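Some notes on the structure that comes next.
Chain naming follows the written order as A, B and C, and within any one chain the residues start at number 1.
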């Protein structure tokens, strides 16, 4: 019971901080809007091409915002030596990891919903019928991404050139999640039933489980200074 | 001058042959130090002498390269969790989240530490450090002294038996310093042990029972404060540090 | 110890060369270029072996904090990256005359490329942390996550290719492989494994000496 309590208090603290400072959310929303324009400019006005590439573009957008958002996970902890505080709290440190992953998941899902809405509006795509399916696919993909991202963010928080190292470490590892999410999103947007991509969904679930468990088991080793 | 290791009955902090190297840089080169229950030891030394490193090793934040250090009987390198449960550490950083209120900061650290406390209990803790009026104010605009006091409150709500303090009196005004002195005396009286680094021989020095001077990576001198007085210790410090430098 | 390994590896490689060029039959459609398979397949298999060793050594390190485990993980990752690079290069050399292109997004090549980048990142991380002990811990975590990821990468990339494209020409030899080819492959796999062991042993020794100097 205390474990859940401790994980929750980490989530609570991050949500509260974010709500008050609005630092991450504002930046990410603005970033998403910019991405939209960049995609439009670089891919030209060909409606067909854009619609066909939509699942990939969507996840590209999620990944890019994710990199920005996840990289900041332990930013506050770096200030004021709060990191020491996390390390010195007695008890299972993986509760902190869980709380952080939950916070990142929440943040990313919010950005994803907004990005999806923007895409639908700006590129005039009907995503309505795909919403229930997307409601499953988006979280499945995001959990895996957030799980590894949070773990690696804890690592790169203390390394020089962290802005470069973080994506270099994270992106190859999350390729399976990316592939699965794009394929499943493609199916959802095309109106296919999710059973058509059952394999991919299973892969996503397996990846999520593996990443979260690995994170829970190894986070402790990362905290030590 | 090492305090006779057999004289102490109950050693709350005990370092033997402690060495720490950061890459090629040898900061601590064989530290032997004891702090007993109910005792406060002031750790003195020039800037960069290794006081913070020693405190951080005792706090299990850094692993020693060689040697052993025990806090409350637990080996800091091998049983860090057992040590962490007994110690309280106050470093240079405040451990405060600037966008949260004083009360919310305490709530966070209390709950994370496995001792969730009611709002009333937390307000009482804030009252002890005389911050209860600002309980619901965000920390960001607090003065350095107020942040220090809040950090101390955070430290104390976990009820540690060993305190490791890195220059605790820095940033405190007259009243704050007096308050901390009184509190540390009470803490000692209740059987707690204190190891604190300090630069000042005036403020807060009165709490110290012994003074250990860190120079050249070792404890160059370890004396009882009472016979020499603060002034005597200061002169000893100047001589020792000049010699060793 | 490493000297014995070195000699065995040299012998094995010599034997492997003989097998690859002398004993194994010439492949019908591709000609002699196909013989590069005797380099390409062993190097990828040994690379996988290297990364399994990284996984085991990393877990051992996190559990026991034994510097020897860390040195083994480090050395194995380096040699693994080397062999992975060789695999990709050999694949490209094989591909150019065979299909006219240096690179295809074939499932195996792609997943090996991802593997390459993952462990390159591992080495990059190590290079960026001065504190030896912290570097060891962080690298161990990456080593474990990367290794657990390998099967996921495999399946996802394979499905990604085969669901939208016919299976590539670069299939590994099926069960019905002529004896000559199988034998040559085996000899080369064993020799490359010995070479790997030799490199790792040498590297571990260097790392140990470095550690002693700095302590």
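The rule is simple: a contact is a pair of C-beta atoms (placed from the backbone, for glycine too) under 8 Å apart; a residue touches a chain by one contact, two chains touch by 3 or more.
None of the values given here were measured: they were computed from a predicted structure.
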item: Chain separated most widely from chain C, comparing mean CA positions; value: B
item: Central subunit by CA centre of mass proxy; value: A
item: Distance between the centres, which are taken as Cα means, of chain C and chain B, whole angstrom; value: 51
item: Approximate Å spacing (C-alpha centroids) for the pair chain A, chain B; value: 40
item: Rounded Å distance between chain A and chain C, as computed from the means of their C-alpha atoms; value: 31
item: Shared interface positions of chain B, touching two or more other chains; value: 63
item: Residue list for chain C, restricted to those that touch at least two other chains; value: none
item: Multi-partner residues of chain A (each touching 2 or more other chains); value: 224-225
item: Chain B partner contacts - residues on chain A that touch it in the complex; value: 2, 5-6, 9-10, 12-13, 16-17, 20-21, 76, 79-82, 84-91, 96, 224-225
item: Chain C residues within the chain B interface of the complex; value: 130-133, 214-215
item: Parts of chain A lying in touch with chain C, wherever the complex brings them together; value: 148, 151-152, 155, 158-161, 165, 168-169, 172-173, 175-176, 179-180, 183, 199-200, 203, 206-207, 210-211, 214, 218, 221-222, 224-225
item: Parts of chain B lying in touch with chain A, wherever the complex brings them together; value: 56, 59-63, 81, 84-85, 87, 89, 91-100, 104, 107-109, 111-114, 116, 138
item: Chain C - residues contacting chain A, complex; value: 62, 114, 117-118, 121, 124-125, 128-129, 134, 137-138, 140-142, 144-146, 148-149, 152-153, 155-157, 159-160, 163
